[in-house]
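One chain, chain A, appears in both complexes that follow, with chain B as partner in the first and chain C in the second.
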Partner chain A sequence: MMDFLQFFCSGLLNGLVYALLGLGLVLIFRASEAFNFAVGEFLVVGAFLFYFFYFNWGLPLLIALPLGLGAAGVFGGIVERSVIKPLMGRPHLSMTIITLGLSNILAGGLQATVGSNPYNFSVSLPDLTLDLGPLIFPSTNVWAGILSLAFFTMILLFLYKTRWGLVIQATSESQPKALCFGINAQSVLLLVWAIAAACIGASGIVISNLGALSSQISVVGLRAIPVVLIGGLDSIAGALVGGLIVGIAESLTGAYLEPAGLIGFKEVVPYFVLLIALFIRPYGLLGRVRIERV
Partner chain B sequence: MKTCFRITVLLSLVCLFVFPCPTTHAQSKVIEIGAPIPLGGVGGAYVGIGWGYTDCQAYINEKGGVRGHKIAYLLEDNRWSVPTEIAVINRLLTMEPKDQLLLFCGNLITGTLKAMSDKINKEVRIPSISLSYSVEMFGKQGGPAKYPYYFSVGPDYSQQVGLLLRYIKKVHKKKSEPRLAVVYSPTEYGRDPLADLKEDVKKLGIKIVAEEEMAITASDVTAQVLNIRKAKPDYILWHGFLPGMPVSTVFLKTVKQYLPKVPILGTHYQTVMGMITAGGPAADGLIGVSTSVMWHETNNPFVKLAHEQAKKRGREIPVGEESNYIGGWMLGLMGAHAVDVAAASGDMTREGVKKALEASTWDFDGMYEGATFSYASHKVPMARIFKASYAQKRWNAMTPWLNVDKELK
Partner chain C sequence: MLSVENLRVVYQEVISVLQGVSLKVPDGEITVLLGANGAGKTTLLRTIFGLLPVYDGKIIEGNVFLDGVSLNRFHSSVIVKKYRITYILEERPVFWYLTVDQNLKAAAFSRPNREISGEIARVLKIFPKLGSLMNTKAGFLSGGEQQMLTIGMALMTKPKILLLDEPSLGLAPLIGRELFGIIRNLNRDGLTIFLVEQNAHAALSVAARGYVIEGGRIVLDGTAQELIHNKDVREFYLGVAGGDQQRFRDAKRYKRRKRWL
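Now for the complex of A and B:
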């Protein structure tokens, strides 16, 4: 039982990181109905921007973190203005497809600029190791969970407790209606991409702190796909639920199924869970059911 | 008459350029050495190896080349991928003249060696010096009898693991038998020494208490490390990873947090500078076998040469690339030496290079500090055990050069 609890809670902490990653995708999808396949590269770019401020420039964490996330936001804004905005008014699918191209361009650019070798990435944080006898949760994992939850909450508060958040929600609901109410939808889209990029960048920082920073951690970004599809592409709560499900499923698979001979199944299990979830609810567990009249 | 003379001179000049003297061409032909190396891909980019080759090439050619022939290392990115490397090798074999491309000398990953074994050893018959230490290729199951054109620059992985197991026996202080956890990647490379390892631990009285596979693309290894923790090991042996793989650092950090007092021991590619730079404090205290010299060992004549040449060419080797740079030099010089011996014997062909390598007693310009060994087994039987110091940012040798042919008898 204690073993189960240990693996379950470890999965829960990882799941919070995945939830934050998924949130970045959900925000973009709600606002522009585009699926951002460049999520892995956004993750790496955000983490590298923080790396420059914190490790290269040696700024204190409390300054480097907002600067890094702000820079990630600016990066998201640039992407929106240069890649997404020109496609406004075209089918949403074209926006999704262009993010595939963007992903390749960014991946190549990252390899050319920062290489593909890992960078040591150990942020100095107070030791929060939870040593409860048979249960142990290392400090970096506890911090990963705390920081992910904190970022997630901050974005929720921004969306639901501020005027700008309300504007984003209105635009996400219906761009034409928002325009009728005098909302500048284009500025809102810019803001959403910036927030989403910062959100994905924050998860990149947390993920890098668990290991190392490398252009190759972009592959972790792919975890966001089952996360948001399980939870529902347009559901913020779904990102949280999906993230936790994926984190726990991975951990329990690593603990019980892989030692039984299913080596590598941990990498596959999120997609397996996704398949089951989609059989039950094709729009995701908390996704909005769309009825299209033809 | 004047016109006729002019036409004759003109035709002569044209002939001179279009059909140059064959003797002159043969004498100055460039010797090509195929060198596939990882410059990208899932294993990381090891540009230092490329710099090593480039500087080695300049060094040899500035000295007049090998017996008057310039050397050219044909650097190609294999992306640490078997299909890519096979494509690179096939392309070079198809495009380059047989009398110029005399050998391969590069990464040649285990999977490629397996896939290309018939082509290289039976069909094309080209000597191939690999950075792989595959047991199947260079160990008991393989070797010169089965793969006559394959060569390696160090003991195979089973022998490296053997050295580590004997080290464990030597330092183990408890009365009970040492408890060992084994972690490897689910790749040809990772699983390579497992069978021999399991035989060896029985002979030595070491108990394997946990065996975990860890995918090279994994971003979280908490479950595997928790499984290891449950088994209460005294030592962890890990094999099948490269410093460029993010999972290596994730593993080191996770073990450091869950099992801070358990020593981690690794084979050659876990004992490189990149592991310290990527792992940071989590790499401190790592123990490993290396078949190479370390960049800071400037008393070693081979390292001294590499330092001098890097300085001469204004090349600053960044922290983390030192082992790769040394690796490039090792392969570069070994290939050039083999061609030199073949040329001296008047048989500058692929077959001649193979014979030269087999008969070689060359010690990389003093790299092994006077230790002697035979190269008849197609691998250099020399290695040392090192310990990582994060504070010093280097691997410190814990043993002198060990000849595995003697140590593992």
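Now for the complex of A and C:
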């Protein structure tokens, strides 16, 4: 029983990281109706930008973190302006496809600039190891959960409590309607991509801190696909729910099914959960059912 | 005064929609534009409002002037904020997933923060019914309530000129009549209104001047009274029989002979 609780809670902490990753994708999907397949590269770029400020320049964490996230945001903005904006008014599918190409280009660029060697990545944070008798949670995992939850909450507060957040919600619903009231839809989209890139970058930092940073961790970005599809592509609460489900499912599978002979099943189980979730609700657990008129 | 001069617009470089439209919307008046489906009414509004690039359209000739300043090159956000023109889409542009309160606040994007609560109070005075619905999602409102909210949202931008695209579309006749009463009141308070309508009778009854657009050209213009008594308008838009042509084909031939098509 205690074992179960241990694995369940570890999964929960990992799930929070996935939720943050999913949130970045959901924000982009709601605003641009495009799925960002370059999420893995966004994650690596965000983490490396932070690495640059924190380890190379040796800035204190409280300065390096906002700087790194800001730089990731600028990166997201540049991507929006150069890749997504020229496709405005075209079918949404073309934006999704172009992110596939973008993903390859960025992966090549990363290979050329930072190579594929792992970089040592251990942010000095106060020790928060939770030792509750039979349950032990390492400090890095606890920090991962706390930081992810903090970023997630900050973005939610921005979206639901500020004026710009309201405008983002409105523009995400319909760009023509927003244009009618003088909302500059293009700058709103720019803002959304910047926030989403910072959000994905933040999860990149957190994930790197669990092990090491290398351009290979972009594969973690693929984990975001089941997360957002389970929760619903356009639902922010869905990203949280999906993230937690995937985190817990992975952790429990690793603990109980893999020793029973299903080696590597941990990587696949999110997709099994996804399959079941889509059978029950094709739009994701919390996704909006789309009513389209022809 | 808003004026359109010899405007020619094409979509996707090939589809010619407006072929030399000229008209004037004098300050403080209600001007109405009548026309059948596909005549170019909505395109004209999009052009005035700077939305053409969104729909892959282009002005190839002519100008839209506001008090002598050409608006051709401006983005809609500039037109709302600086030139105080607001456009109400044909489909009621309320944000379905936001509450009435949030809708009003989102529409006030171009206004400074401190003015918003005052503006909301002003809108609620005009539409008291919205007051009890402030926390309802706009998608749950009835068609009439949504139309009230739409006009309320447009007022939040503090427009001088309001472009209305078929406000009575899909509303019950009684609510439609109420709506035209509201439009008349807004005009009395000093708002210039450019109204595009298919419901010619109601529109001409509130308007001062009117234009008829057919096939991308203005074919008729005059004061509302002149248009109401015009034989062709009576037949084609008011549904008062009187002409000799009884069949669609004859009507078309008649229009062509008069160079309407």
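Everything that follows uses one rule, which is that the second predicted complex is superposed on the first by the 294 of 294 C-alpha atoms of A that agree within 3 Å, B and C clash if a C-alpha of one lies under 4 Å from a C-alpha of the other, contacts with A are read in each partner's own complex, and residues count from 1 in each chain.
What we mean here is this: contacts are C-beta pairs under 8 Å (C-beta built on N, C-alpha and C of every residue); 3 or more make two chains touch, one makes a residue touch a chain.
Values in this document were obtained by computation on a predicted structure and should not be read as measured data.
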Which superposed partner A:I200 touches (first chain B, second chain C, both, neither): neither
Dominant toucher of chain A (residue count), chain B or chain C: B
Touched partner set for A:R163, first chain B, second chain C, both or neither: second
Which superposed partner A:F181 touches (first chain B, second chain C, both, neither): second
Chain B versus chain C as contact partner of A:I98, first or second or both or neither: neither
Which superposed partner A:L110 touches (first chain B, second chain C, both, neither): neither
Touching partner for A:V273 - first (chain B), second (chain C), both, neither: neither
Which superposed partner A:V219 touches (first chain B, second chain C, both, neither): first
Chain C-facing residues of chain A, complex: 88-89, 163, 166-167, 169-170, 173-184
Chain C - residues contacting chain A, complex: 49, 51, 54-56, 75-77, 79-81, 86-89, 93-98, 102-103, 105-110, 113, 153-154, 156-157
Contact set on chain A toward chain B in their complex: 3, 6-7, 10, 14, 111, 115-122, 129, 136, 138-141, 207, 210-212, 214, 216-217, 219-220, 223, 250-251, 253-255, 258-259, 263-264, 266-267
In the complex with chain A, residue positions of chain B that touch it: 40-42, 44-47, 186, 212-213, 215, 217-224, 226-227, 229-230, 243-250, 253-254, 257-258, 274, 277-282, 320
